[in-house]
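Chain lettering (A, B, C and D) follows the sequence in which the chains are written, and residue indices restart at 1 in each chain.
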Amino acid sequence: MNNILKYLRKGELALFIIFLIVFIIFSFSSEYFFTLRNIMNVSGQLSIILIAAIGFSVLLIAGEVDISIGSLLAFVSLPLIEIMNITGSVPLGIILCLIFGIIIGLINGYLSVYLGVSSLIVTLGMLFILRGAVYLYTGQRAIPDELMSDFFFYIGNGKFMGTIPYAAIIGLIILLIFIFVMRNTSYGRKLYAVGGNQEVARLAGYNIKLLKLSAFVICSFLSSISAIILASRIGSANHVAGDLFEFQVVAAVVLGGVSLAGGIGSLTGAAIGVLILSVISNGLGLLNIDTQWQLVVNGVIIIIAVGFDELKRNRSL
Amino acid sequence: MVNINFKELNIESVSKSFPGVQALDNVSMKISAGKVHALMGENGAGKSTLIKILAGAYSKDTGNILFDQNKLNIRNPNDSLNYGIKVVYQEISLISEFSVAENIFLDNFPTNSLGVMNWNKLYKDTEELFNRVGFNLNPKSKISDLSISQQQMVEIARAVFKNASVVIMDEPTSSLTPNEIEKLFTVIKNLKQNNIAILYVTHKIDEIFKIADEVTVLRDGQHISNKLISETNEELIIKDMVGRTVNATFERPKDILSAKTVMKVEKISSKNKIKNVSFDLHEGEILGFFGLMGAGRTELAKAVFGYDKITEGQIEVNNNIYKSFNTSTMVNNGIGYITEDRKGEGIVKDMNLRENMSLPSLKIFEDLFIINRKREKKAADEYIKKFSVKTPSSERLITLLSGGNQQKVLVSRWLIRELKIIILDEPTRGVDIGAKTEVLSLINDLAKQGLSVLLMTSEMNDLLSLSDRILVMADGKISKEFYRGKVTQEEIFKASVN
Amino acid sequence: MKYFQTNESILFGLLVLLCIFLSFYNPQFYSIQNIHSILRSSSTVMIVAFGMTILLTSGEVDLSVGALMSFVTVIVMDVINITGSISLGLIAVFGFCLFIGLINGLVRTVLNVNSLIATLAMMLILQGSVYVYSMAAIYNTHLIPLFSFIGQGFFLNIPMPVVIMLFILPFFVVLLNYTRYGRYFSSIGSNPDAAKLSGINNNRYKVIGFVITSLLVGVSGVILASLMDTGQQGSAKGFELIVIAAVLLGGTSFMGGKGTIIGTILGILILKIIDNGIILMRIPQEFQLIVPGFILILAVYFDGVRKKNSG
Amino acid sequence: ANPKRIGYIVNYGTHEWYQNVIFGLQSRADELGIDLEVMDANLDINKQTQQAEDFMTKGVDVLIMTPVNEEGVVPILRKAKAEGMPTVLEGNPAKGMTTLFAICDYDAGYKAGDAVGRILVSRGESQARVMDVGLPLLSATLLRSLGFMEALAQHVDAVKVHELDGSGMIDSSVEVASAALAADSNINVIYGINDGSALGGLQAWRAAGLPEDDLVVAGTGSEGLAFLNEMTKEGTPYLVEAAMFPEGVGYTGMNLAVDLFNGVDVPEHKVTPTLALTVHNFAKYYDFDKAGQKRAINFENVAKIPTETKCTKYSSDL
């Protein structure tokens, strides 16, 4: 516990306490909540958002934003499933899916960074374009995974030793890697600097464009990994997948203290943000609260948590 | 590439134009290694532009830059850094979320071959650097927790820390206290001994006689003169700069303290370190404030102006007593405020000069609900002329003006309207000597007409020559009160270190 | 033309090109009916977009407009059904919108929650609570003709929603361009500290921005309810994105500081004409997503190129 | 013995149709003393997957699901099988399912088309020019449109003038239908794949100021009060409703779930009743209180409707 606390900075500590409170409340109010099985379920479920949120945070920290990730989720699962169905090879599908993700990241990045169109606009446009393309390609019908290979099924549904979801393990590994990269490598620090004050970073001789481009690629790449896990969980390339996903990710990440203005925030914080929202959603579901009330509660919690945090830190975005 | 041995940095016929402005017009100069070369000129003369070209931030239109006879190929900041050209910029250029150490090593983080940061080395090297140059800062503190002057010290430390062949300082002392300025001069002497060429830009003429070896003056983007320091004097330089002489002593009325009280600050405290501060301000009085860095002058100004909430005490203006108020309350009571942080809190970057000027006073330009743009423009033009703001028109975006000219606009912002009290926090920072005299004498004139002034400036001479009273602050409290003519610099300093 | 800024001229050119292209393709494009249909569906977006332009100009955003709008359709229909009075229905709607706008504004200013998050949360809350208010859609049982007139009627052969929009429009053009409040909003968006230190009460104007937007949503919501003849939860889905996309297309910056109502109007017309054209041309409706995506990026790109060229 | 707890994951619980399905499920569960727990995936397939996991954690006796998307629930079915959890689907078949209760979309559309055809013939019309306010998103709704058109063609010369995507929502339907009518308003039949679409089409017609005398509007679903309100208006062109009796669907579904739990042999597809409703026959099935905005279903009469054992067409036939 002490070790965990040491790693949490001030703001994150406050969030972590909120998380604990939520956790304890649910543990007392639902008999199913604090069971190994449920905890493991949640950890698998949240990995989809977590992985995308890591990439999203990296990009936010670098001072840019990508709101096309929800559409991207649906889009990159097309090559994944199609290639798997055609070639019968899961790795080939995965590789192609990731390549598509990288390409979209490059396009987003190129348009934003090299052509100088604000990334919000580029990716808002991309949100429409990718979703439209998915509808057009699929004729608004999901493409099923016809291969039905166990390997692919296990990515999103399987559990290591029957207990720990593989998805959770993938999420955790990615999280740890990127926490390290952002904190302790010059690359990570440069991303912070670029997002914190682009002009200063430029005068320090950074290749701003390349750095930002790389952040776009990371964001799309990680979202593509989310897409793979999601596709495995829903056994298809689904045209409705990822609808409003970008909002879920934004909410979690900002709740976790990553600033929309760039240069501020940590992946630990972002992860706690994801944790809080996922646990709330799970707990409310187990308590049989109507989805409608869940929306209300979620909204109120976001306001309270972010507001509380703001008041405490008195930071402004 | 680094540590090139050279005798002179040669700038040959460099020109640069921006739409509507010829910022540099065939400027040539030589900066010798081991010498301090001062660069002077009015606001907008082109000093910062020249520096940015050397730094690779702007590209020049024509001309050459050479180390002796070797042409430098500066396409971007990276090239410039590789040549060892290090710049302390006029506006603070730091990552405010980073630690001091990270900022110092921003362009060259200590890492292993995999790019993993070596934090220990980072902090240790920073510590050593500070010890060497005599700055006293914690390498781990966050920039946003530091005062402007502390930040300026970080900037300076960053520029000189290693591999420098040319160090360029654009008004480095504009936000330093005398004590820190001394330290900076020691650093500069140190650099000279290491055979580094130094280009030093300042508006404070006395400084160049302390450290510079030669001085070049620019006017309107053109090279006017170049003299060894031993062959020139203050008057000559000012004449080169402005084309005339300026006079900078001020007469103040004698009986000002018997005038009626316009503002009564009673025992106010704020979260931002102000503790139990009280003072009166009389009609037409210029009340000076002095304090060392972090003494709390800015915080006091912000508390009085309603920017920071006061937690205790009250303020009486216009016979109204306020315990809780915001900036619009104060503006409506005829109070104005000029910030020390021009870029961060002063200019509105999406607006042009006219809109920046009229922002707090739009009401007076209104016909019914509609702004009368003609009147607004006329008022703006009037102040552009009065302070000789260097701009093609009042419709120019404020960000395209030079730093000093922006400051003039911000001063005009408040003079355009009827004011009872003005709070000036470093109002002449970065303003050239000609305009500075104009600003100060305007303040003096306005005070004579009944405007009351709270003047916070680190320029001791201005403070002494203008203030009717001087309050010295230390640690968020007022430590001593002095009266005009009955105080010396030494006494003020003594009170401020209390 | 003098009132057009350059960016607006580009949009205007684009609009003209679109119209010419479509009329070649299908002469029906210029039929009165079609023009009515385009304008009618543009009006509800425009009305809300006026508020959104102000908000974006002052550096804020409101994602809850779509959810609020569908809530409004339910409230207005329900209250009129119960009381039989349109006035009471409108009072209820605007009271509610005022309340929501205030909350949005206060959460933003007092709790200091970034507005993207604050209004995203409000969107969730409204989406949820509209069902808590009434699980079922509310049908028009009052059958008051005047109510149907609001959305479906014509005045001087102009659809009523357009008339209402045109009635509101001048206020906002004047407000943003010719009054001090316009300047206040821009300065708050561009440099909040500078604005505050100029004696502007940032928080007050931010709250006002949110309230205005919510009230405008009230207007659009009533029109929509009349058009649908129903109070329908879940209607106006994705409305916020369309409004924001249109405002951005119109040249207002998401970072605050710059905003133009004329640009916003042009942006909406372009998007709506594309929507309409796709149906007229009988192209797959999926292109209703793809084409605006491209247009958005292209328009902003060309705007950037132009700015670069002119310095 | 009856199951004690049954979980139902609805795809879109705020839709009137599904509220009435839930009402039917609940009515039957109450009669049998079963605990029914409902979760709403709110059109989010990922959420549906999570909710299925939650129900398995809770260990309900039977899991009923209306898939947000048929392909998307395949892994859930696979997991449920591994867990030995009996599952029942509603609406659409999916790979690996055990049993399904659903209306026949094609047949429902067909019945409405048939009724509209008769009306046109009785009016002496020889051509049906149709605006189909559809929802290409779902195969079910495509089947409805198809059935409708094919039945219509049995009576008159049927042309589909507009094929629109109204998203199944009244507001989008108004919008796309307005544009379509502007392009070509020579229409005499509006078909909506649900009530919102039909009403949206009708509203667009009205907003365009077109005459309603020769128009026939047909909706689908008998989702809630909307069609009853409109149909009972004086002089309305809204004459036909392809009724699908959602309450009846729920009622049937609960019986199916109980059978499955008890190991009774269940059909792969249990078809629920559909019928073309008009203003003349609706009272037999629905007790409609217009002032109170309430309807009550007559389960008995619905049960008496002759019902197919197999649909004429499935989505695989598209």
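Annotations for the structure displayed:
Assume a contact is a pair of C-beta atoms (placed from the backbone, for glycine too) under 8 Å apart; a residue touches a chain by one contact, two chains touch by 3 or more.
Bear in mind the structure is a predicted one, so any value in this text is a computation, not a measurement.
Sorting all chain pairs by how many C-beta pairs they have in contact places A-C at the top. Averaged C-alpha coordinates put the centre of chain B at 44 Å from the centre of chain C. In whole angstrom, the spacing between the mean C-alpha positions of chain C and chain D is 33. If you average the CA atoms of chain B and of chain D, the two centres end up 72 Å from each other. Of all residues in chain D, those touching 2 or more other chains are 14, listed in ascending order. Contacts with at least two other chains are made by residues 131, 253 of chain C.
A complete list of chain pairs in contact reads A-B, A-C, A-D, B-C, C-D.
Across the complex, chain A meets chain D through its residues 32, 35, 37-38, 41, 45, 48, 139-145, 153, 156-157, 230, 232-236, 238-241, 243-244, 281-282, 285-286, 288, 290-292.
Within the complex, the chain B residues that touch chain C are 18-19, 305, 307, 326-328, 330-332, 337, 339, 344-351, 355, 358-360, 362-363, 366, 369-371, 413. Of all residues in chain D, those touching chain A in their complex are 13-14, 37, 39-46, 49-51, 53-54, 57-58, 68-75, 78-79, 95, 136-137, 139.
Listed in rising order, the residues of chain B touching chain A in the complex are 55, 57, 76-78, 80-82, 87, 89, 93-98, 102, 106-107, 109, 111, 114-117, 119.
Residues 174, 178-180, 183-184, 186-187, 189-191, 193-201, 253, 256-258, 310-311 of chain C touch chain B in their complex.
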